[in-house]
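Have a look at this one before I ask anything.
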Amino acid sequence: MDIASLIGFLLGIGIITAAIATGGDVMLFVNLPSILIVIGGTFGVSLMRIPISDFLRSFGVLGKAFLNKREDPAVLIEEAVRLSDVARKNGLLALENETIENEFMRKGINLCVDGHDPAFVKKMLSQEINQMISRNEVGQDMWKGVGDLAPAMGMIGTLVGLVQMLANMSDPSSIGPAMAVALLTTLYGALIANCFALPIVDKLSKVMLYEKTNKELILETISGIQEGMNPKVLESLLNSYISDKKRKTDNE
Amino acid sequence: MDIASLIGFLLGIGIITAAIATGGDVMLFVNLPSILIVIGGTFGVSLMRIPISDFLRSFGVLGKAFLNKREDPAVLIEEAVRLSDVARKNGLLALENETIENEFMRKGINLCVDGHDPAFVKKMLSQEINQMISRNEVGQDMWKGVGDLAPAMGMIGTLVGLVQMLANMSDPSSIGPAMAVALLTTLYGALIANCFALPIVDKLSKVMLYEKTNKELILETISGIQEGMNPKVLESLLNSYISDKKRKTDNE
Amino acid sequence: MDIASLIGFLLGIGIITAAIATGGDVMLFVNLPSILIVIGGTFGVSLMRIPISDFLRSFGVLGKAFLNKREDPAVLIEEAVRLSDVARKNGLLALENETIENEFMRKGINLCVDGHDPAFVKKMLSQEINQMISRNEVGQDMWKGVGDLAPAMGMIGTLVGLVQMLANMSDPSSIGPAMAVALLTTLYGALIANCFALPIVDKLSKVMLYEKTNKELILETISGIQEGMNPKVLESLLNSYISDKKRKTDNE
Amino acid sequence: MDIASLIGFLLGIGIITAAIATGGDVMLFVNLPSILIVIGGTFGVSLMRIPISDFLRSFGVLGKAFLNKREDPAVLIEEAVRLSDVARKNGLLALENETIENEFMRKGINLCVDGHDPAFVKKMLSQEINQMISRNEVGQDMWKGVGDLAPAMGMIGTLVGLVQMLANMSDPSSIGPAMAVALLTTLYGALIANCFALPIVDKLSKVMLYEKTNKELILETISGIQEGMNPKVLESLLNSYISDKKRKTDNE
Amino acid sequence: MDIASLIGFLLGIGIITAAIATGGDVMLFVNLPSILIVIGGTFGVSLMRIPISDFLRSFGVLGKAFLNKREDPAVLIEEAVRLSDVARKNGLLALENETIENEFMRKGINLCVDGHDPAFVKKMLSQEINQMISRNEVGQDMWKGVGDLAPAMGMIGTLVGLVQMLANMSDPSSIGPAMAVALLTTLYGALIANCFALPIVDKLSKVMLYEKTNKELILETISGIQEGMNPKVLESLLNSYISDKKRKTDNE
């Protein structure tokens, strides 16, 4: 999943750059004050609209959109069945020596091994899921705001450029280039919103959905293990979380 | 239903092409870099915003919008009554030899014949309905995104073209044609969004609604057959799913 | 109600036509290819986005927006009280010979006379109300789509015209008229959306609301008659559906 | 409240007129056909989209937005406590001789004095509140429609003007003034929507909220009086409807 | 939190001013009638759409967006545990001599000390929370309205300027500067909406959320103290309101 996001980003930027390059000098499209007004203005106003802690955290969330690799739920189910099997045969404490790759599942199993009661374990893990969701929402809110602000800043920059151009029209030959520069901020704003901020928001909401499903599946596993559920029953229960094709069942 | 979609698409495209042709050279409207920037940019950014598996699946969903032929629910009800009649007279196992056209109904009947209990059969079939819905939603999400992105990419392309044109205004006679080319991306973006992506989204949501109604009708049928419901009662129950005119009743 | 809709439509069109006529030649605003591109494109794409059966039905719904005459609920209540009086004095079967103007009420009374039980009668009538609503929604969906598509098609037509004009700017005197023609599609799109399609949608939703209220009032009447409710009680119950001024009570 | 609305309206209009006047001849901005096309078109289409009875009623609602004076709930509470005191000491019938300023409260007290039971009184008063709300919503719907239609009509008028101007560009000196006139309809549309229709909608929704709160407070009062509630308890109950600062309590 | 908001505001304004300054004379962007039309018009119409009391109060709310400093919930929890400890050891009355920084908590504790029953205390405090929320919503509604009105007033100002410019095109050299002035109102409107009003709305909604969480935490504390809850249990209960990292627990 991660690579597609990166490829898509590079593809989008690449195609637009190529289209620019075939039309002439690429440097025509690089204008420092214009970049400053759009990016600086967008982040300045973002600092106004959200608390600084959320502002900083939203950059950490960025990596999730690009680099996140969804763990295959079928693998999680296999692991869950193995652990429930061990717990059934040798008791909950035997789980202490098992190697568990998934961090969230390991945390849950540790809580079981420590002897906490099921209600407490469930509350602790649910809370962690909720905090994962709210962290993700902070990121979505930030980048959604950027998606609104960048085009607005682009328009403001273009208006500034137009006013300056219109006030000094003594040299007709400078009108064209001045207007070209004025339009650059609108272009930057549209690029930032459509090729960066808004796709990030969409991707984050999907990453969150997948992660939430996986974590709920693990929560179900831990509850099942604590209740001493039959591994076969647990497997069929967990399989209802995923689609037909992805199941690794042996009932054929 | 399928043919109307195709006719509508060809009609829309045909009328616009005709309007273009009457105004002069059609080739004026074909510009490779412009096509590249709109289509390439749209799909590149789509890869960013949705996982690659969903991206690929959404093309398969396309066929559904154009080629899907809604099965007449009246025919399904006739079939349901026939099967319930057979089951009532000769028992559930007698259904094994019946030819059943509808795949979903055949699958449900097979589950009955295999002796699974009603709750299990219902759960299996409901899950299949849910997966049909979520597959459809993946397609709707993708094409809705395209409907947003294509005009945005069109605007970006036009801005790029305008900047290039404005920066080189030494030859006045080239201004017009350069601006014509710049406007082409906006035109492409508007065409892709309004004549392709957004109607697809609307059609998919309607196809899903019809398919869901049909499958729920079949689910009701299977439950009725397993409960040994009277065929007449089953018929009147199923008829409540469809409108007056479409019913094939014999109570006159 | 019907006449206001028609007057409003003619007034709107008339005022705009008058404004056009005072400004010069009306024929300036009639351009066949432009009309074709907007109307043809809009209906072509509409065929893509909704099934053909819904497409055709939505024209029948049009008449409802213009010609529908809301039956006065006070008249319905008078009728209901009269019928409940007859049923109370001479029994349900006596209703067979009564002349009932409202079709929906007649249908309900007939079901009572035929001896169907209250639950069945209620289910049959409720279903008819639901189908009336869904028929109306099909119309609203179609014309709402037209309200979105017509301006989009208008913009597409204008872009096509602009590209053609810009590519051939050798004769400066033709620029103005060519651009005038290009703008016509935008004008047509705005007129179709704002003076036809969107008001139709608003009117349909209001017509549906009134019709639904009337039919629910009749449903209440039929239930009351079957339960042998006192005509006076029935009257006060039905009066709660309508506003003070419209009531025809005799308790002064 | 009423005066602020009027002052705001005059301020808005005054500032814009002043800005116009400083820039030159005010009569430049008065153009009869343009006024006709925007106002006539807007009301013509409004007649299409809502029934004529609602259309007419919405003008009566206008006064409410400008002239409505919210009755101070603290005064209502004082009155309520006084009446509940009278009823407690001398019986419900003693209320017959009390002078009650608020019409809705007087109506409620009269229903009590006439000996109707609490459920009936409550139903009658609730119905009156609902009809007040629906009357207000009719007005909101009408003016919201005007807020959408006026800019659309303004755009249509400008397009008409542009087409006429572009078709006759033989006299370059007339282009500027013709375009100035064409832009007037857009200006009128924006003024009607933003300085009249949409603020009216906002004000109406707030007036309704206040009136509804007051009437619910009175409904609570009438119920309390009929139940013979202690005036002190009634006062503290009613005080929960309003903010701290506005309370007139004597418990210090 | 407060400083970030201010820094963000200054950063945004600073960057845009810098961009303007590098392009020439800053005074070019200051035009008194344009400022008057946008700011005066926006506040005039705001007076129309909301009652004058709400209008005035919304300026007081402004400070909250910039200067509000969120109290650390961990500090509140520490305080809560300390107070509950005191109450447990020495009785509720012993709380009278405790110094309590948070005003809302002090108010709650005073109500306890005064001997009011838990239901009354809870009702009083809940009501205060509701009034805090509605005060905040008044501010959000006002500034959201400004965010809509300022760009509309900007457009109206630009249209006025364009009409004046187009009507007097005898001196070509004045066209540019006149249009520059006309565009200024659009620029002002965009700046007010995007760099001031809309970020304020976002910030206010977040400030309210934090304040509400803190006050609910205090409400929980007061209830716990009145019920004589064990300080340890109270602590773990309150900790569920905040994230892992912020907790100050001693169970390691």
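Chains here go by letter, A, B, C, D and E, matching the order in which they are written, and residues are numbered from 1 within each.
One rule holds in what follows: a contact is a pair of C-beta atoms (placed from the backbone, for glycine too) under 8 Å apart; a residue touches a chain by one contact, two chains touch by 3 or more.
By chain, UniProt protein names: A, B, C, D, E = Chemotaxis protein PomA.
Just so we're clear, the structure is a prediction, and the values are computed from it rather than from any experiment.
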Subunit E and subunit B - chains in contact with each: A
Shortest walk length in steps over touching chains, subunit B through to subunit D: 2
Shortest walk length in steps over touching chains, subunit A through to subunit E: 1
Interface numbering overlap (same over half, different under half) for subunit C and subunit D: different
Chain centre separation in whole Å, for subunit E relative to subunit C (CA means): 45
Length of the line joining the C-alpha centres of subunit B and subunit C, rounded to whole Å: 28
Sequence positions of subunit C contacting 2 or more other chains: none
Contact graph of the chains (line, ring, star, complete, other): ring
Residue ranges of subunit E in contact with subunit D within the complex: 33-34, 36-37, 40-41, 43-55, 123, 127, 131, 145, 149, 152-153, 155-157, 159-169
Subunit D to subunit E touching residues, read off their complex: 1, 3-5, 7-16, 18-20, 22-24, 28-29, 70, 173, 175-177, 179-180, 183-184, 186-187, 190-191, 193-195, 198-200, 202-203, 206, 240, 243-244
